[in-house]
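Structures are listed in the sections that come next.
Here subunit A shows up in two complexes: once beside subunit B, once beside subunit C.
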Partner chain A sequence: MANVNVVINGIAGSVPAGTTVLEAARQLHVDIPTLCDHPAIQPIGACRMCLVEIEKQRTLQPACTFPVSEGIVVKTDTPATMNARRFVLQLLFSERNHFCMFCQMSGSCELQTQAYKHGLDSWRYDRAFPVLPLDATRQYFIMDHNRCILCRRCIRACDQLVGNATLGLKHRGANTMIIADMDVPFGESSCISCGTCLQVCPTGALIDRASAYLGATAEVKRVKSTCTHCSIGCGTELVMRDDRVIRIEGDWTAEPNHGLICEMGRFQPLNDKRAPVTKPMVKEADGWHETSLQAALERVATNLKTGKVTTVVSGLATNEAAQIIAKRFPGAKQLMEGQAPAVTSSPLKDMDAADLFIVVNTDVAHEYPVASFAIKRSVHLRGARLYLVGDTGDSMQPWTSRSIQEAQIDALLPIIEGAQNPVIICGKKGEALAMKIAKVVTGIKIVDLAPAGNTMGLVQAGIRQQFSANGFDTCYILAAEAQDAPQELLEACAQAKFTAVQASYKQPWMDIAQVILPTPVSHLKCGTFVNFEGKTGVVNAAAACNANGEAQVLEQLANLL
Partner chain B sequence: MTKVLPDPAKRAMLLTALYIAQEQYGSLTPDALERVSARLGISPAQVYETATFYSMFRTQPAGRYVLQVCEGLSCYLADGAENLAAYIQNKLHICPGETTTDGLFTLQMVQCLASCSSSPAMRVNDTLYENLTADRVDMLLDELRGG
Partner chain C sequence: MAKVSVCMNWLDACAGCEMSFLDIDERIVELLKHVDLLSTPITDLKHPPVGGCDVGILSGAVSDSHQEEVALEMRERCKILIALGDCAVTGGICTMRNFFPLQSVLNRAYVESESNAPGQKVPNAPEIAKLHQQVKAVDQIVKVDIYLPGCPPPADAIWYVLTELLAGRTPVLTDKVLTYD
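Let's turn to the complex of A and B:
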């Protein structure tokens, strides 16, 4: 689109026509205060904090929704705009119960920041002191309606980014309240606990249980990292205080997730209640004992040198760990969760251009939630269609046009051929059928997701085989924090002469192993991962990579072999 | 197969669908709202949002006759209008938003009914009554009770 000339606070610039005044101001490095605006979601002009003076406009206009036109002249810091903003803030502060000194967001709150900036030191209007409920029915975060300014960021994020549309409003005017579904408790709603609403909330209305009161913006640092809990490999930000990760957020600038992460990436890592492995442990005749790393490694090395060894690696392991195992360990090296996709996958961003989704034999909502967000928002906002084929779980049902069995696929082919931009989403179990469809429908895109976070990285390191229970008497398992170890693996290793496990959590490994070595959980690791698109992500551990790191322990072990 | 439409088109149908559901169910019960949500493919929250925003939609069961008394400016200023709501309240022993124990009448205060030239006005279900006086209200209520 053609550029137009704009002047904001006397600064001249040229921006594409249709740009909003707020975006234009940001490009010219002019600061306009906002509350309801968020760069990732559509502006609605609800809060009126961004009111500016525009020449030839009778009244002040909201910068976030006003498009620029040729020759537009904007002033953002006149007495009239400052008064208007102070008035807006006074109304916001008088409406509900905003008492900053008791709020866990004090120091991080956008409302409070604007109040300081605009010199609010007292209440001009009587306060209503409404008695509003606090909804603590959700596991990971709390909704406190008292702190809510009805900016609707949470509603819009749930609607436009996640496509879940769980949140809404009830009533109107001063009685307006945020609701979930048809005004049910949040914990009983269709919420999928992705926490995107929590991340966009500008005030203390949505409170993260785990990190509440643990640190305001100035007291924490943010470290960019990568989530490794599924093969999408979302960019994250670790919010850290004193080398402790207090919260995990999505990184708005990261591919392929653009700020979105799911329950697995945001909440579960910090709420894992399993007993952690803190020290190397060995099993003696009288039970388990903690020991020194050196003693444990020596015992493992002795066994690895004499036995018929198979090493099984979880997709939660780093590339660096995988390379040491591939190059320096004896015997077979196998994948715990399954093999890499046979198809070169289309990138995740292709999903936002699709008009027809075919999910094949994959419970996409649970295995790859961020991919399911792309489906949901496409169906919800763009009218794309979703077909479920085979075993796909129930969670996508409200977004589905049609569910069919694998055998009925032939009936679907003409419809797929008629679509402009069809995309198949599958994992290992759906691959065969996906390729069958691709043979008929030429040019169809296949998003083929790997079975675990770093399967692609392990394969690149040279670990390609699927786990098989035969041909070994000594077993080394790099399990990391894997939850669901295959039963076959547990049984085979329980039978083996010797089993050593490098894991973050004690169970189920204490039942089958003779030595357990510690390894950090994903968000405390340092190293690299490769996602299903083949993109390498860096996992930046918060703490320095010390001798107890995953690859570091393996290095020491390899030196003894 | 449900036809999936882009969101604005679905939303455009929502008001009409809610109106029809209210006619069929008497009020917009959770059951009615869920049917609208499933039929149009709009999330339950967004359907509930619209249903609670407009005063002509009811989420609570109402009496057989819903008396919607205008409290707009013209009706407010019209002779006797201020007393109209009070008169009905005293006569039926209900406050605005309440239903008589026999389930016959619900009283509701609403904004302009577009009858400013013939105020005060009241809407009973789908019928508009204008130039109301206490006597006319008595006659009307008796007639409704009889029928």
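Let's turn to the complex of A and C:
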């Protein structure tokens, strides 16, 4: 689109026609205060904080929704705009409970920041003190309507980014309330607890139970990392205070997720209630005992040197750990969760251009939630169609045009051929059928997701075989925080002469192992991962990269072999 | 030049603002060269002189009939009234009870509380001040000239406001001296 000339606060510039005044101002490095605006979602002009003077306009206009036109002259910091913004803030503070001194968001709140910026030293209007509910029906975060300023960021994030469209409004004016579905408790709604609304909320209306009151913006540092709980490998920001991770957020600047993460990546790691492995443990005749790392490593090394050894590695392990195992460990090396995709996968970003999705034999909403967000928003906002083939679970049903059995696939082929940009989404179980479809429909894209976070990295390191009980009598398992060990593995280890496990949590390993070595969980370790697209992500819990990290323990063990 | 006369009092307050005032530390010596502290809640004289004073400082919200009288008296007798702290400025933490009916607040405190002996009643002796239905900020009762929010306001903010006034300027709070918590 052609560029137009704009003048903002006397600064001349040229921006594409159709740009909003707010975007144009940002390009010219002019700061316009905002509250309801968020870079990742569409502006709606709800809060009126960004009111500016525009020549030839009768009244002040919201910068976030007003498109520039040729020769537009804007002033952002006149007495009229400042007074209007103070008026807006005065109204916001008078409506609900915006007393900072007992709010967990104080110090991180955008409403508070704007009030400071505008020198609000008192409140002009009487307060309404409406009695509003607090919804604590969700496991990980709370909705306190008393702190809500009705900016609707949560609604727009749920709608436009996640495509889940759980949130909405009821009533009008000051009585407006954020609701879930047809006004049911949030915990009983279609909410999938991805926490995107929590991440975009500018005030204390959405409260993270785990990190509330643990640290305001100035007291925490943010460390960029990568989520390893599925093979999408979302970019995250670890919010840390005193070297402890208090919260995990999505990184807005990261490919492939652009700020989104899911329940599995945001909440579960910090709410894991399983008993952790804190010290090296050995099993003696009278039960389990804690021991020194050196003693435990020596016992493992003695067994690895003599037995028929197999090492089983979880996809939660880093590349660095995998390389040590691949190069320096004896015997066979196997993948705990299964093999890498046989197909070179299309990147996740191709899904946002698709007009037809075929999900094959994969429960995408549970196994790869962030990929399911791309499907949901495409169906919800762009009118793309979704077909489910085979065993796909039922979470995607509301977005689905049709579910079919694998045997009926031929009926689907004409529909796929008629689409402009069809994309197949599958995991290991759907791969064969996906390849069959790709043979018929040329040019179709396949997003083939690996079975575990770092399966691709393990394969690159040289660990390629899927686990199978190959008659080993000695087993080393790098389990990290894996929850679902294959039954076959547990049974084989129970039969084996010796099993050592490097794990973050005690179970189920205490039932089958003779030695358990501690290892940090994903958000506390350092190293690199490779996602399903083949991109390398850095896992970096800065302060937690200690001497006894995952790869360091393996290095010490390898030195004894 | 004659010293500036200052009177202080507290309403529905926790004394945190007064602690913060004392946190100006040794600067209080410098302050007292320019200021006469006539009445405060922690000195012998509790009431501002009938003849009036230059500056009145009130902390705390207005929650009952007694506090309202204190606020009215201070306003009547001072030229410049400072609302010190969030409770005086906005009602602050005291307004938590505004989300509940007054009777249920009293019952909760005097009757239902786990630590109360059975059969307790809400006291209603005539000499006890009557709680207002709603807790209010000082400026909802009397005119306030200078607002100094904060819970409590930082000592530097209190120092800044007093020294600006002594210099004959109207203090304008920004940056580090403007805080709500």
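In the analysis below, the second predicted complex is superposed on the first by the 559 of 561 C-alpha atoms of A that agree within 3 Å, B and C clash if a C-alpha of one lies under 4 Å from a C-alpha of the other, contacts with A are read in each partner's own complex, and residues count from 1 in each chain.
The criterion applied here is as follows: a residue touches a chain if its C-beta (ideal position, glycine included) is under 8 Å from a C-beta of that chain, and two chains touch if they have at least 3 such contacts.
Quantities reported herein were computed from a predicted structural model and do not represent experimental measurements.
Set against each other, subunit B and subunit C touch different numbers of residues in subunit A, with B touching more.
In the superposed pair of complexes, A:Asp181 makes contact with subunit B only, with no contact to subunit C.
Contacts of A:His380 after superposition on the shared chain: subunit B is touched, whereas subunit C is not. Of the two partner chains, subunit B is the only one touched by A:His171; subunit C is not. Once the two complexes are overlaid on the shared chain, A:Ala285 sits clear of subunit B and of subunit C alike.
In the superposition on chain A, contact of A:Asp126 is made with subunit C only, not with subunit B. Taken together, the two structures place no residue of subunit A in contact with subunit B in one case and with subunit C in the other.
Of all residues in subunit A, those touching subunit B in their complex are 155, 159, 164-172, 179-183, 190, 379-385, 398, 401-402. Against subunit A, in their complex, subunit C makes its touches with residues 83, 86, 89-93, 95-96, 98-100, 134, 137, 139-140, 144, 147-149, 151, 172-175, 178-181.
Interface residues of subunit A facing subunit C in the complex, by the touch rule stated above, are 93, 97, 99-103, 106-107, 112, 115-116, 119, 121-123, 126-127, 129, 131, 146. By the touch rule above, subunit B contacts subunit A in their complex via residues 1-2, 4-7, 9, 30, 33-34, 41, 43-49, 52-53.
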